[in-house]
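The same chain A turns up in both complexes below, where it pairs with chain B and then with chain C.
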Partner chain A sequence: MSPAPSKNYTDDVSLLVVTLDTNPFFWSDFPSHFSDFLSQVLAFLNSILLLGQLNQVVVIATGCNSCSYVYDSSSNKNHASTNGTMPALYSNLLHNLDEFIAKDKQLTTAHEPGNVPSSLLSGSLSKALCYIQRAFRSGPMHPQPRILCLQGSPDGPEQYVAIMNAIFSAQRSSVPVDSCYIASSNSSNSAFLQQASYITGGIYYKPPQLDGLFQYLSAVFATDLHSRAFLRLPKSLGVDFRASCFCHKKTIDTGYVCSVCLSIFCEHHDKCSTCSSVFGQAQSVAASTDNRKRKAE
Partner chain B sequence: MNNSIAGRPLNEDDEEDEVNEDGLEAWERAYTEDRSWESLQEDESGLLRSIDTSAVQHAQYRRRLRALAANAATARIQKGLIRYLYIVVDLSKAASERDFRPSRMAVIAKQVETFIREFFDQNPLSHVGLVTTKDGVASCLTDLGGSPESHIKALMGKLECSGDASLQNALDLVHSNLNQIPSYGHREVLILYSALSTCDPSDIMETIQKCKKGKMRCSVIGLAAEMFICKHLCQETGGTYSIALDESHFKELILEHCPPPPAIAEYATANLIKMGFPQRAAEGSVAICTCHEEAKTEGGYTCPRCKVRVCELPTECRICGLTLISSPHLARSYHHLFPIVPFVEISASFQNDPSHRFPNTCFGCEESLLSQGNKPELSVYCPKCKQQFCFDCDIYIHESLHNCPGCESFRHSKSITTAQ
Partner chain C sequence: MPEVRIIAKNFMDMVASMPAMKLDKLYENGFICEAILRSLPPLAKKYVLQLLHIDQPVLARLFAEWVLPDGLSKHKVAIDRLLQLRLFVEALDSRKNEKTYKVNPTYQRSLQQLLVHGGTLPRESMPSNITVRLPTLEDLETYALEQWECFLLQLISPSHADKTLNISSSLMKVFQRRLLSQRDREAPKLTESGFQFLLMDTNAQLWYIIREYISNSEERGVDAGDLISFMLELSFHAIGEAYNINTLTDFQRNIIKDLADLGLVKLQQGRKESWFIPTKLATNLSVSFTESSSRKEGFVVVETNFRVYAYSTSKLHCEILRLFSRVEYQLPNLIVGAITKETLYNAFDNGITADQIVSFLRQNAHPRVAQRIPAVPDNVTDQIRLWESDINRVEMTEAYYYDEFPSRDVFEGACDCAREWNGLLWEDSKKMHLVVKSEVHSYVRDFLRRQK
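Our next item is the complex of A and B:
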């Protein structure tokens, strides 16, 4: 599938899969413009490709209602549209991104103003992992894959299970998930991305200001996995491992866990709302009642 | 063909290193280790070629998936997620037989290691203990515990076999240990039996009845031939009995015990357990931990109730007794609760039907699903989001990812799940 049969791979060849948050609700509330952000990210992506000619970059747009591949440096469609004024990377990516954002907008339904809806990080992480599996299948000399999440929207609690599934799958295939969390307020952090980076051995970093985003990206996230051992990268400032309860989606530090299905609750219940076990009773009684709940998902 | 070559080092230097390690010539090694003749097949013209495994594997996988889905539909999500499992390893003389390479004992040890790691991956709150039987007696190698490393280390240090195996002594020992566990736990025994006899002090039938009464689910994997007493034990206690044909079959059989069995109704009572979810402290902050009683800087966890530092999770707080666990530990098993539906195969005729236009690229990995002659290759689609996937993604999604990238990529399917 991919060209150049005489690849001389070393540890240093990277496959970087970037998930790019395009959530329009987030960017409209944010003090700096999406276009400023994008121009810095594009410069960063270009520098990755320039670091080694075998390096590969894939960009997945994470929208509010859908996710899609917008750029793949190994795809042979890219070189056709170079028109001399703009490098292929930019024109292809911008073209696909425009299309994606327009389509994502069409799918947008009304939402109450004031609270920013989450973007579909679980979808783009799942796609990124499928793409990386394809790279693993390409033979024993595959490039070293990693994922970089450029995320700004708040976590969507309804994606919790899906995101955790993706994180564990990434951990099993030793794919580090780096996260660069962009948020206007200093105190907010993404617990999902903190856990993703901690569990998979990636880097979580929140740039203090966006003007120098390119500097942060190229200093922290551009290094390949092999070279990271020699650098002093930002240390983890703690990981929020608190759970959210299934009943109110509230973050709690002590709670009750159902011994049958491990659902988490913030207060004592007589009956589990997930698996309908009655606590302190044999399960057979509970199983026969209340069968309807679990149809969806 | 390519597969078998790809796994082998082509580099000459590597080749030489390996010869030195094994003390075997290259040609000897190929035969003793992987029985390469077993993967050959004769084609119509009588030529030998390696079996095209990928299609066969996918077919096998789909069968397994359908069986699982059928099970899940009937048993729903009542799974015994808190399991207390004793692994009984037979280290009698029979375990030194060399019909498995290099010996039964070595194969068992290797696969038990894989099993224990996979078991804790899938059953984060469960406990495992190891029991060995040889010289007509049974002894406890490790107590019930949650750390895979300590079990593996203990087993590797005790790999010597002698004398006869005793099924009854092993069952008695396990029974007395499993009697003390909390009532919400599932009691299980997995016996890896090499011998063809058992050396028992009294009537084993009484022991089997005792196990049945104690709600212990006993399963046996034999390495030699079927034995009546093992079969009887498994039937009585609701376990499974199987005989391994070769190493890969043994691995398959033992890994079948990793996913939690459907909880058999009266075997355990449901319970709410109070737990704490500590946060991880920043790297470099100094505190004295209660487990080692040393000052540590690596960033441990803080008990939410009494605020002492512990180094590792899951554990029980030494000060206030609260069970401490990290939420990712629990989340590891949530995919059992919310399994994704099996994908539907797209047949060639279906593909040509103009009312079902598929884009012919895999939604997950973007791989083109058109083979050389522009004829669409076999593929599958998700019945919920109607996205098309390649076979490789199908397997990856169901066996490791546990998310459908299509369903996760569209908001409307999400809002349904949150609304319910």
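Our next item is the complex of A and C:
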């Protein structure tokens, strides 16, 4: 771990790392267009940069099979390509995003129709954290970092462990993870993002409609960490704390937990697959059937 | 004690003091809107952004509801600032009879435009095949600082300066107006504010000079609004890029010459064309103070035995250290001094406060010690403050003394009258003596007259 940051600029200078969900399977099923969404997000990113000269924005695209940095406001390349018609931010980001989507497409493997595959959120979260760690070490002065996940596609239970690890690492370096979950149906929520925001002290918000996305983004997620201390921001109504089991990557309500390494399983095993501890030697058979019954509910 | 302090007011205070008509004209320029947005307190920035796309007036009550009870003071500061700069227009909702706020329409339009389409500077940087031998960023920064130091040295002691700048002596007089006092046939002496000026960080100094420059502009027949908008525009140019001087108007060309002398831009001449290169000082113009104040690399090490080591070759630094310490010896790149009671008393006599000295030492702390907390040893800062409070043991208040009251009733009435005006300093009810603050004297006198 890097030593605790001792000096900052003024309190409201922020480094915002945005993970942008580009999952084509999700967007093709979604009622509103990716381009509408993107144009609102771009205006939001621009407004963050507008708020302060030292503010920094990094965008990471989250695809189906890969993730990549698509924009970094601090890199020098940005100044070169201003062509007058479009701000450098937009042209750079769009160019990189195009390249990324093409690359991600090549990696795509076949999947069952009707079932939207999840995006690689764990990957982009880790990349975001790596970037932030670099910012921490860059010198005595660095902006206050935070992560904003713009996510639409459903959670991928197979990424559970990786995402949880990323969340805890964010918590340890006190980086809040804000999440803006975009979904057409009102009932669905992302358990991963809810947990991420809950644990790291970020904001989880699901805009009720996408037409005014910019307004939601600028009202809720543009708030710098300093101002959050004295503003009323959306509070989460409840967090889905369910875990995924390590054996089948399913989200479960009740399960078995290894007493040694706390790995979670959906069914009884004789031996822990993570730490190889042997279970149940002293237990009677009756007790274990009892357990199984409880789990079955 | 009279408080004569240079308040390092920033650009935005100046902007705020402009008449509404001129403000609206300024807000037509997207860059000015951006600079102003950046200068706002964090909460105010958020309000602007939140209301940017809302055309209807919003009830003031709603704003207060967004804020937690702890943040109410900040909320008030933010709203006041927004109203002061005329970014928010206050109105009364006729139906509900409540206050409403709305973003200034001109400002709103410009900022929306900037947000969606981005801003383009009125001039583009020149291609590199025309501009040969552009300085590197480091060179440019040293150039800017050198130029600035040279300017400062000339400002405070014209005889010491190695090279003279082309700043007209009349302009120099304007800058010196409040920093130096000159009696007939005597060398000019730094005034109290002059000493304070030297201890401020570069950016604050720059603001001070620019402020004088602008407030003096009307006398020189230059419109302050044009000047402000040009300077703010300048601050958005990229550092180290060359911009053709022909793109400037005549008026701007005159200004840029002055700015070059201050180190804000570097002028260069090619075979045919000439161009200017903005330095860091120029781009810092639109940044508020606090953000950039501590980014400069420091050079001072203070030890617990009150010794000051300054790794610097600059004459200016030496002069500044001399203000509050005894410079013992000087090596080519090192100035060694000691902070003593005598030197500090000297400094306090000159109107420098302990806080200014401490903050100067902190801000200019050498990188090695800047990482430590505290950067300046506690015993030194405490002692500096103690010595300061030594001087201010007695507080003077102008007062009036009354005695020989005709009766106890009149005396007590006078006491009550003074108390009512919050000006009673001392009373002796046995001997019937009374001392009141001088502001209250007239009321007490009136009271006593009425008694007769």
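Everything below uses one rule, namely that the second predicted complex is superposed on the first by the 248 of 297 C-alpha atoms of A that agree within 3 Å, B and C clash if a C-alpha of one lies under 4 Å from a C-alpha of the other, contacts with A are read in each partner's own complex, and residues count from 1 in each chain.
As a working rule, a contact is a pair of C-beta atoms (placed from the backbone, for glycine too) under 8 Å apart; a residue touches a chain by one contact, two chains touch by 3 or more.
The structure presented is a predicted model; accordingly, all values stated were derived computationally and were not measured.
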In the overlaid three-chain picture, which partner chain does A:Q215 touch, first (chain B) or second (chain C), both, or neither? second
More residues of chain A are touched by which chain, chain B or chain C? B
Could you look at A:S32 and tell me whether it touches chain B, chain C, both or neither (first, second, both, neither)? neither
Please work out whether A:N96 is in contact with chain B alone, chain C alone, both, or neither, and reply first, second, both or neither. neither
Scan A:S74 for contacts with chain B and chain C and give back first, second, both or neither. neither
Counting only touches as set out at the top, which of chain B and chain C does A:L231 meet: first, second, both, neither? second
Which of the two partners, first being chain B and second being chain C, lies in contact with A:K127: first, second, both, or neither? first
Shared chain A surface residues [contacts with chain B and with chain C]: 140
Can you name the residues of chain A that touch chain B in the complex? 1, 64-69, 72, 107, 109, 120, 122-124, 126-127, 129-131, 133-134, 137, 139-140, 158-162, 164-169, 172-173, 195, 198-199, 235-244, 252-265, 268-269, 272, 274-275, 277-284, 286-287, 291, 294, 296-297
Which chain A residues qualify as touching chain C in the complex? 6-7, 9-13, 43, 46-47, 50-54, 79, 82, 84, 86-90, 140-141, 214-215, 218-219, 222-224, 226-227, 229-232
Where on chain B is chain A touching in the complex? 6-7, 76-82, 121, 125, 184, 263, 265-266, 268-284, 299, 301, 304-305, 322, 325-328, 330-335, 337-338, 362-367, 392-393, 396-397, 400-405, 408-412, 414, 416-418, 420
Chain C residues touching chain A in their complex are 34, 37-38, 42-43, 45-46, 49-50, 52-53, 65-68, 70-71, 74-75, 111, 114-120, 124, 238, 286-288, 290-291, 294-295, 370-371, 373
